[in-house]
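There are structures below to look over.
The same chain A turns up in both complexes below, where it pairs with chain B and then with chain C.
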Partner chain A sequence: MLDWSNVSTLAVAAILTAGLYATMSFGLALVYGVMKIINLAHAATMMLAAFAVLSLNRAFALDPIIGSIVILPLFFVAGMTLYSVAVRRVAAVPIASLLLLFGTWLVAQNAAYLIWGSEDQSIVTPYTYSTIDVLGLHIAVTRIVPFVMSFLMLGAMRWLLGSTDLGRAIRAVSQDPTAARLSGIWPERTAMIAFGIGTMLSAFAGGMFTLIFSFTPDFGGVFQLKSFAIIVLGGLESFLGVALGALVLATIESFSILIPGWRASLVNLLAFGLLVIALVVLPGGIASLIARRTGRAVQ
Partner chain B sequence: MRKLSAVALVAAFVVAACGGGAGGGGTATGAAATTAAAIPAGPIKIGAVLPLTGSFSASGTYFKQGYELATKEINDAGGLDVGGSKHQITLSILDDGSNGTKSRSLVEQLVTQDKVTALLGGYDTGLVEAQQAVPDQYKIPMVEGGGAASAIFTRGNKYLFGTLATIDDLGKSTMEFLKYWIDQGKLPKPLTVALVWENTDHGKDYQGAVNLAAKNSPDYFKVVLDQGFELNGSDFTSLLTQVKAANAAAFLSDAHLPDYITMHRQYTQLGLSHKFVSYGARGPDQKGRDALAAAADYLVAGLWWTPAQPDAGSQAFTAKWKAAYNVTPDWFQALSYETARVLYAGMTKAGSLDGTKIRDALASLDFSGSIVPGGHISFDPTGKPKTQIVMTQNLPGNKVALVWPKTVSGYSDAIMPFPSK
Partner chain C sequence: MTFGRNPYLTGILVAGVCAMVPILRPDDLTILGVGFLTFIFVTQAVSWNLVGGFAGQVSFGFAAFFGTGAYVTAILWSHAGWDPILTLPFAGLAAMVVALLVGLPCFRLSGPYFSIATIGVGEAARVIAINLDNITGGASGLVLPFNVPEKAWFYRAGLILATITFLVAAWIRRHRFGLALFSLRMDQSAAESLGVPTALFKNLVHVVAAFFVGVSAGLYVVYLSYAHPDQVFGFDLSIGMVLMNVIGGIGTLWGPVLGALIYFPIRQLVLSDPRLVAVNLLVFGALLILIILFEPGGLLGLLARAGIVARSGLRLAQPAEKRPE
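Here is the complex of A and B:
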């Protein structure tokens, strides 16, 4: 029987997991928002970032949190290059872009097998087993860090999109590329930068994951599917919606054990069930629900 | 419009994300086995299909090395004795890319095109299950050391033999070990058990064995939580909260390496503690110990072989392996080496290259001088091995103790109950 302490543990776990889920979903949401492309290379980016952080840790004993930041410029450039060289050419045809990015994922996976092999890899830090005790609850430092980072990232993205010329350009292109072009915005260039930022956000999530998970070149597939469920639930183009979608999924997953007869092995069913429900009942996601209630669009 | 495009994208996304998965099954029709009544001069062809790329490539490579080392030893000694004449062995090893469908068709290719005399099995239960119909179909014997689910041996195969004790044996050994320590007064009676298992044939075997022991010995064991979990889970907090709420004295989990690392990290972070903890076959793996550091100390594992075995055969094998590949071998390497040696012993016993004769020889083989615990490998009528599991306990300082069975060479008492952390 679950007592108050156990229910509190579940609630804290849901909130912290939501941070993790939001972190991994922002990049996918940004790319979809601007280009209407589902980035199937999202998992590859997270996996490659995890291995990049591992390599920096092995070579220079670099902490994974710092490593996750150090790799960002590299992935920003890689994302822009991928967009310029390949994605741009097929962006207008959704199925072609899906296939291209799926192919990119497979190539990246096999390249990772060649470079790093298929052994499980993990990083142990001095704080891997550190916990902060709050009201008798043990909260792992490795869970708090991605949560805090997701808040910072949400703030940064809202600032970028709401208060900078680049952000306004990104929003303009996401709403109407033709009107944006008539206003003097270069949509292709804006999309390239947005793809770079999206790739960078995914890479950051991959780096953060090394604090918690072991990983192989197959890493990221389940997270990619969950990210997709989250952005559909959140409203596809809204960062606040993504954060709320992440919270909803994490809460349902955490508290599912309270359902009598529930099997933990069915946990992935929740994400996909939620995806179907969101598509049928709430196709605009949580963001559209909030917009309907408040009369204001949610970013 | 937006709804429609989202639905279309979901469909494409899911199809794409599910692509490339392992599969199996299907029945092929084909010619009868190639049998050789007389023994032709020249080398004997042996075939194997292993995952040399893809998700199981690390273990697949260990198996390839094990098969090659055993074969090299035979060839260096002049060849395999079959019917009084010595023959060199040529190994034909193909890569299935960790894909079940491909694995099965490549095994068929080895039989029908390459005309191999016998087969060595693949690695991982799923891939062995994908391959297992072929030997009977073509009456070509296969010895495998990479599939441990008992379901492999329930399908009526006559030409398939395993060298890995099955997971239900592992679960049974764990419960016998616990019973001993309950009798010693080191663990409470009845022992309350929180049981979690991966939702695969592997995990279900373990679950079945633990529940059977509890059913047969209700005065010794009481399972207070019995919960399955998905492979490659991202977060086990909910599951572990259930484990905490169950307030059991022992925590038993059957998990593959990535889940073991994630789960035990979270277990430690949540401040959980039990008098006994085991993750099935996980424990002394160096990858796990590197990832978990001191949190992996005192864990007890059930294994098919360990370099900690002090017997002369195991030590000689370890030295041989280090000389050949410059790493300390684990059970993967040892069992693949033994799997090849068992097949070759069966062929020598048969004195023939005829598939059915080799099969009959394997069925009655008692392979002695093996490095597996107990020193013998033989098979029951289903092809399931009659071998032992050895239990190990991780000790601080990256050490490993042999703690079960009591008859195992190098036995020492386990530290029981676990020191509270």
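Here is the complex of A and C:
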């Protein structure tokens, strides 16, 4: 049971899933960083993106990978619209913004029920069942592609936040909105763009999920919780923390099948368990742990 | 106060009027049944408001308490052969234990982060209940004995429970404890600096709320003679408690009561047609957005705006002086 090929297969699966988890969570972390609100519409965005990719696939036989990219501008604009029409008005009151975004989730979810019904949907592509052999391991194409795409996406985000004026503005507003305003940054506009980018990242993750999972209008909820566990574990605002949090969750989920008497339906409990453990023993997340050990902050 | 000066007196008066129904219409089973379920929902909404409104900790995980209470009653009644009435305090106590287990880690998070964690609580409780199938009956549910009391009995029991819950809420609101909850809702650090033990009080009010939800769940399964994890642990129960409060007026005394009176009949009407289930939450979700954007005080806020009642409860709108230019 516990031989080398099993362990390495599980480890590879964990790393591949972690890439996608990191992208999914980073949207949430970005919005949290700039606005200090948790975007409960994150779940709705992932779900709507999955259905948008499905619809494009049904209507134009568009490949889900391309579909996930095609929809991004749409979700970027939708996110900015949601922010400027609604979120902006209540952003200063945490409970109000939470309830507002929760309402958005309810509306989106139930609109999806009316449009697409409650059946399990999935997209089957010519490569859905094919695998690639890497170092003697059979790895599904549908796992590698989201990982590579996520890697590229996160690389682009790293560049955007690290090397552009917009990224510097976003980081400045995250650290201190008042100081940012005094330096000539317009925090509301920056927040709107950050919300758009966050929504876009969630949509990208949602589109990629269609390669791996079947989905219903309910499907975002579980991933919302996973994203939250990941960013809490990662320390809420750190780029590296999110990546590490994603890796920890994906590893635990992947290796959970080795537990005797384990049931697949219990997998979604792991994220919650991890969240509780993170809150009790590691309130600042992995980032603060590293910062304490090395004596410098993790960005 | 909203409905007269003395909330205890008003509450008892309203309950007294409601108590006339089984005397005047003893054979109208529809009214008695709907009345009973309404009281269950009022109990849930008023209990939720203690945590979500008074203390400002919006929870999406109250279904965990409802489900626990429901199953404790169901199991003690059907397996151990207890009288259903005797099981109710234990249903409440079990829900309190769950509330403590949930609150100890989750209240380390404040405000919205607590809320997200509670989404996990509800989901975790439901998944655990489905997987403990030798206790809960798993995905096929648990069919309970049918020798239940008559509907008028349920009506009275529900009314008494809802009234007690309301009176406790009214008492907390007037007591120092309630004042401490309001203070931690407004500014947790300031409350702590003034000596309010915020963690203790949050857990305390959470446990009190869970007790009433647990008892109401016990009554509910006795009434239905059936318990299913997806039903008594369902996320829609948690959503319902949030919606009833937002509709009526979150953080007020009468808001959750009014919210339950509006939410429950519409839900009941709509759920009789399975095709309309999605429409139900779509409409309530849209209502939630509109209320938060335009009148965060809910129905009582609207009434206050019209000058009918005094404004009370949680201020969700931005204070004018803090509005960004």
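Criterion: the second predicted complex is superposed on the first by the 285 of 299 C-alpha atoms of A that agree within 3 Å, B and C clash if a C-alpha of one lies under 4 Å from a C-alpha of the other, contacts with A are read in each partner's own complex, and residues count from 1 in each chain.
Heads up, the rule we're going with is that a residue touches a chain if its C-beta (ideal position, glycine included) is under 8 Å from a C-beta of that chain, and two chains touch if they have at least 3 such contacts.
Everything numeric here is computed off the predicted structure, so don't read it as measured data.
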Sticking to the clash and touch definitions up top, decide whether chain B and chain C on chain A clash or fit.
clash
Is A:D165 contacted by the first partner chain B, the second partner chain C, both or neither?
neither
Once the structures are superposed on A, label A:A271 by its partner contacts, choosing first (chain B), second (chain C), both or neither.
second
Return first, second, both or neither, reflecting whether A:V93 touches chain B, chain C, both chains, or no partner chain.
second
Touching A:N6 in the superposition: chain B (first), chain C (second), both, neither?
first
Which partner does A:A111 contact after superposing on A: first (chain B), second (chain C), both, neither?
second
Quick check for you: in the superposed arrangement, does A:S122 touch first (chain B), second (chain C), both or neither?
first
Once the shared chain is lined up, is A:E188 touching chain B (first), chain C (second), both, or neither of them?
second
Hey, which part of chain B ends up inside chain C in the overlay, 77-85, 95-103 or 167-175?
95-103
Where on chain A do the contacts from chain B and from chain C line up?
38, 40, 94-95, 98-99, 102, 106, 110, 113, 221-222, 224-225, 228, 232, 263, 265-266, 268, 275, 279, 283
Across the complex, what residues on chain A touch chain C?
37-38, 40, 86, 89-90, 92-100, 102-107, 109-111, 113-114, 187-188, 221-222, 224-225, 228-229, 232, 263, 265-266, 268-269, 271-273, 275-276, 279-280, 283
Which residues of chain C touch chain A in the complex?
56, 58, 60, 105-106, 108-109, 111-113, 115-117, 119-121, 123-124, 127-128, 130-131, 235, 239, 242, 246, 277-282, 284-289, 292-293, 296, 314, 316-318, 322-324
Of all residues in chain A, which touch chain B in the complex?
1-3, 6, 9-10, 13, 17, 20, 36, 38, 40, 94-95, 98-99, 102, 106, 110, 113, 117-120, 122, 124, 128-129, 131, 138, 140, 142-143, 212-218, 221-226, 228, 232, 236, 253-257, 263-268, 275, 279, 283-284
Of all residues in chain B, which touch chain A in the complex?
2-3, 5-10, 12-14, 16-17, 19-20, 53-58, 196, 198-199, 227-230, 232-235, 237-239, 241-242, 244-245, 257-258, 261-262, 265-266, 268-271, 287, 290-293, 295
